[in-house]
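You will see subunit A twice below: alongside subunit B first, and alongside subunit C after that.
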Partner chain A sequence: MASSKKLISREEWEKRLNNVKIRKEDMNKLVMNFLVTEGNVEAAKKFRMESGTHHIDLATITDRMAVKKAAQCGNVKDAIEKINDLNPEILDTNPQLFFQLQQQRLIELIRNGKVEAALEFAQEELAPRAEENQSFLEELERTISLVAFEDTSNCPVGELLDISQRLKTASEVNAAVLTSQSNEKDPKLPSLLKMLIWAQNKLDKKAAYPCINDLSNARLEDPTF
Partner chain B sequence: MNSSNSNSNNGQSNSCKSSNFDNLNQDLGLHFLELARIGSSKTPVEMEEDEEEAPKELNTINSSGGFLVVAPDKLSVKYTSVSLHGHDVGVVQADKPAPMRRLLYYFEIYVKDAGAKGQIAIGFTNEGFKMRRQPGWEVNSCGYHGDDGLLYRGQGKGDAFGPTYTTGDTVGGGINYASQEFFFTKNGAIVGTVSKEKEMKGHLFPTIAVHSQNEEVHVNFGQKKFAFDVKEYEAQERLKQQMTIEKISLPPNISYGLVRSYLLHYGYEDTLNSFDLASKSTIPPICIAQENGFDEQDVVYALNQRKTIRQLIRNGEIDAAMNKLRDWYPQIVQDDKSAACFLLHCQKFIELIRVGALEEAVKHGRIELYKFFGSAEADDPFDDLVQKCVALLAYERPQESPVGYLLEESHRDVVADTVNAMILSTNPKMKDVHGCIQSYLERLLRQLTACCLERSANGGQGETFHLHRLLNSSREI
Partner chain C sequence: MPSATVNKPRPSELLSRLTSAEPEVKVRALREVKNQIIGNRTKKLSFLKLGAVPAVAGILADSIDDVTENNNCNNTNNFLVQSAAALGSFACGFDAGVQAVLDAGAFPNLLRLLANPNEKVVDAVARALRMIYQSKLAPKYDFLQQKNMEFLISLLNSEKETVSGLGASIISRSCETNLEQKALFDAGILRKLNSLLEGGSLSLRDASLESLATVFRNNPEVISKFAGPEIGRPLSSIIDLAKDRYPRTRLLACMCLIVIRNASPHFLQDIGIKTKLIHILLELLDDPGQVGDEAPFAFSSLIAQKEDLQKLALEANAIDKFHHHIKKGSLHPRRYEGILLALADMCSKLESCRSKFLSLQVLNLVADALTDYNAGVRAAACICLKSVTRSIKNLSAGYFMNETIVIPLVQLFLDPSTSVQVAALGATSNIVVDFTTRKSIFVQCGGMKQLVQLAKSMESSVRSNALWALKNFVFQADNRLKEGVFSELTASLLSSLIRDPEPSVQEQALALVRNLVDGCINLIEFVFAEDGLILGAIGRQLQCASKAEIGIQGMYALCNVASGNEFHREAVMQLLFTQMGDKNQSFVVKFLQSNDSQLRTATVWTIVNLTCPSSPGAPCRLEKLRNAGIVSQIKNMVNDPCVDVKLRVRTVLGQSMAFGDN
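Up next, the complex of A and B:
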């Protein structure tokens, strides 16, 4: 163990913690940002009433959440319609996302056993796009291969049928809509938590000081050598 | 999770020892009085940190005087003598060391004349550097030399590094605190980077050197536009760092849990109910189970009452709030001189001024606030606040006065938070004062700030963290 580590006592560290100046309004903003980016409209509205924290038009969130919900439930056609109602440019400027949505639609058709419809859809909608793009082509081939298996739970591309695939798509749709509404697409709070872990790891190399190992209860552990 | 509607404990059946409670009362109250003071400064709170000074010009006092001449503007240097050996280098440092509390530092030189041999150098040296030697030839220094394009790091033999440079070239030197490296540029392009060795601790001075007849070098500490796009470089490095941070994995649903406990802590009951409802219907549903370590019992305590009183205070209905407190938590309003009572009385005063009832305000002040005036202690927070409140009377338009901040919603919030903390403190299960004042989220934010501060203050390990700045800039973290 390197003995050149600086030791900061608990007392000293707690003094420093108390000296940090954090405004209540800023913490409220962080929480509001979380509620909004996660799409929790009702909670955001209530929070505005109870805390007085403002945020830009909460109505836009409802629209975005409808899109996300549709995607999460696998109603891709519905999701696409809703996105285009909101802003047709989103999918125009995002061919990757559009392809992903179409791919999801194909997956849903296969999942529901509508093999003929699936193949027709693939030929009409996906193949033309895949011709222009190598990675689209690969994805298309992967997805189509699902029809070759009776028992999809064991096939190499079975993960496409997993709900996590839907959720991934839904999350990317959410992000694209958020970005187009010129909001930041990710809540800030998780990044701050990661930053805390990172800063503590870095500081560990130079100093022994009380650190927080369990984020969920923010308990300070005594410094150890 | 569904206990938010049950208010089984209304405080009157508590058996807290009164002296313990009073001490607690005192600590909590004083904490919030201090918070009320923060609200008075319009400048972002982080301005209280020392502003780090940056180099602006060359240091003429400690340069190797006999061999060179520094121009009157202190931004250029010329080697005047004829060099004979390795100990008559003309070295100049900047007037200040490179600032450390940032992602990187950078400066440039322009070679006006490479003179007889082009033995120019740019680099960094420490405070006690031997000013007749090239930067890099001694320990705790580094230098990129123009005549051979080598990088010298504390010994007479240099390492292959980059191209040579001569008359007409613009060469830059920088410190990247994020990656702990030195980096150098030539004519707007990066030449290379090298690790900032462990010996190079402490303050580092931007340094330039000239060593043969008629060499002349101009220096730029940022007063003019740099040839190298250092802002872009900084952005890229910051992005690299952010990407490293983003890769860190978090325990599942930790953010949900922390937001939830924040809402519980401050008594935002309606928000909490909506939040819980939505969590159940997401796909997949989010469960924040007890196993995650949330001590719910501590914070669900008196949720509905705390919410009720908060709403009353936020609406300026101080009398109603105090009545409720008398019913539910008489011990909080028992001691008329406690910080909680004081804040409430001040708030009542402020509310009367807000509606223009000045006579009533004065009457109220005479009954309740007079006792806080003229304390013997210097810098007494009670005295401070009461004076500021009374000052409101002097202005025709108090909201535009220097004490106008007292009329803002944020001040009502401080009072509401104080009362909230006091109620939480009546919970027999509440183990420590901290639990009443700071939510888990707040504690984590404080820890983050303190860690970054320690890293940046000691050895320039990076930027400090400022929540306020972060939330109010459009830049992504």
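Up next, the complex of A and C:
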């Protein structure tokens, strides 16, 4: 069975690639966008100095990073206060996020063995929210059940105590603040790479050509049948 | 080290600190109040009850004074920001909070602060004002005043997104009349909003979409001025946003396009855009949040009353999709209500949609919704049933007259909400037009008695809808059923309903009588019960009929009575002539001269029955009619534009000639 795919040699491919013009400014913007959304303030500053690429007011990045850091460390009350200083609307108009933060507060109380305070907190802050919403109620019940277990590392809801839960909350908070600061919440670079993978998959059906398999080094690998 | 202490002062303690002489204590308490209420409706309510809003508004007012006196700037700004943020949070999505903020007199102060030099102050204030403008309680903004329009323009031109977003919110909330819409257009506001669409951030784009929709609503003139000359261009930015990556933007863009479509027959009419809108809205159903809750309502506004769109939506499997979502269960009540209403709109006109609906067994799910705890859902389920039960094919087959539907439906007659009652009656009215002999199920579950009870309701809409259902129920029903209804109603109730203060109730009551006496001669006795109470009521009501429909039903009732025996016919004659003693023209002649062809038809039909040749008293009656000028009036109608009238007129004249008239 003869292959109907077209074969493109490396030489041919590289020639075609050279014909496509990409502007340096566009690449700089992509890099800056990545640094900003990820919150690498110092790197962003340096990059601005060295490349002349503009970015949004760094103070807003710093603010946002403070919020994210507080959440990552489990200082949820602090994170909440910082968000409210930045933009009180975020938590007022996002019940899902607010509940998640309060839930994290509850988890931290339980983690520190402050059972009585935890139950009081759940009663006063979380129960009223759960009354209005079935999924909140389920989450609340899951979280409270942590109290019942002696050995939390083995219990069914043990994952709530995991650091990953904190990081998840922190990244949701980061995304919410980003959106409110009228920035795209996702950096552009990953989307670009996804597009590359998609395009290669499409092309695979029609041709054999030097493709990029390792995104981290973007090396062209020779075509194979 | 994670700190998660929950030690906090009691609310009343916090409030007292708000009036502390020490600024440090005061500002910390203020910030604490703000942080406690944000996101927490319960706390907002409890602080509200303790009088927090006037206290915070007071701090705002005092700080403004400090600004003008150039006191300690940083501290003052801090107070301004925190108090504005707290007021904004009280107002956020919480009407009682909005009212309290307005009552505390904070509104004018907030407006003044928009001119403050400090950015953070302006942001906080603009946000607070925007929260107020998202509520129905917001003060009305008078666009027609020059100064106000200039202020609005300055807001929209601001570099700060919080401020331009406020401008957009004011428009969305306050713009109501065509006059205001035109004033906004003339001031160039629409161009400005369009540029915000293209350049602004996510929230600003969303706010602009809402504002544009408000200005376009029901105003074809503004739409064509905006979209006309540069064909397609301004609209194309909105169309692009319908494919935006953010669901809320897609929804708002669709809603804006639908407003344009519905107001103006010239734009967005091609099948491409229609199909796109349907697909986008159906896909938005998958959003788990508020966007998905609102999507079905937007869908309804797109397809309501429009068969072409309903057909397209059917082909796009809309009914299957809605079915799929309801089946999942535990829906937010708003979403549930929206989907039921969307299904109601889908099935309102097209039998193909109803068939699809019934074939998917959606009916059972809708029957379940009749017992939902939310009133809006119950009402929507009834409205959906009303649409589906328009299917004559299935009505005739007795498909709907079964216990799963009838029993919960009858229970809704006693629902605490009037709108649910009325909706249930609407659905019942269709179901009881059951052409088989299974109407007894309705009686067995107490439905008929309930309808009679509802005919005595204080709400006129409930009375008229209950009578409508009874009217349909007795339509071509057997004698026993009709007698049952009549004895439950009683002559005195029915006659008082004929004389009801509300015309719609009068109309339905007369129509009910018409259906009751139609058919068997014995039934005509109803109108003579208790000394001719009903007949008398009909006569009096026809004399002062306020609209044609009342005359039509009343005359058909008399027409049916006159189809009985001589006694009946004489009674009708007496009725017609008793009223004629007045100086006013007899209502018979008035009806014959009416612009309404149905009224003319009904009246001539009655004369036909009164002058039927086979009855002994006919010549005498004819003479009376001739003397009263009625026959000559009828002669003038030989060439009536309405065929029904013309045919009956010829019958009358033919009958009169049989008695030797020229």
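Keep in mind that, in the parts below, the second predicted complex is superposed on the first by the 223 of 225 C-alpha atoms of A that agree within 3 Å, B and C clash if a C-alpha of one lies under 4 Å from a C-alpha of the other, contacts with A are read in each partner's own complex, and residues count from 1 in each chain.
In the analysis below, contacts are C-beta pairs under 8 Å (C-beta built on N, C-alpha and C of every residue); 3 or more make two chains touch, one makes a residue touch a chain.
Every value quoted in this text rests on a predicted model; they were computed, and no experiment measured them.
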| item | value |
| --- | --- |
| Residue contacts with subunit A in the superposition, subunit B compared against subunit C | B |
| Which superposed partner A:H54 touches (first subunit B, second subunit C, both, neither) | neither |
| Which of subunit B and subunit C A:R10 touches, first, second, both or neither | neither |
| Touched partner set for A:P88, first subunit B, second subunit C, both or neither | second |
| Which superposed partner A:A43 touches (first subunit B, second subunit C, both, neither) | first |
| Touched partner set for A:V76, first subunit B, second subunit C, both or neither | second |
| Residues of subunit A contacting subunit B in one complex and subunit C in the other | 73 |
| For the subunit C and subunit A complex, residues of the former touching the latter | 2-6, 31, 34-35, 38-42, 85, 88-89, 92-93, 124, 127, 131, 161, 200-204, 289, 330 |
| For the subunit B and subunit A complex, residues of the former touching the latter | 35, 38, 45-46, 48, 242, 244-246, 248, 250-251, 254-255, 257-259, 262-263, 266, 268-271, 273-275, 277-278, 283-284, 292-295, 307, 310-311, 314, 409-410, 413-414, 417, 439-455, 458-459, 461-462, 465, 467-468, 470-471, 476-477 |
| Touch list for subunit A against partner subunit B, complex | 6, 8, 13, 16-18, 20-27, 29-31, 33-35, 40, 42-43, 45-47, 49-52, 72-73, 163, 167, 184, 187-200, 202-203, 206-207, 209, 211-212, 214-218, 220 |
| Of all residues in subunit A, those that touch subunit C in their complex | 73-78, 80-81, 84, 87-89, 91-96, 98, 105, 108-109, 111-112, 114, 117, 120-121, 125, 128-129, 134, 179-180, 182 |
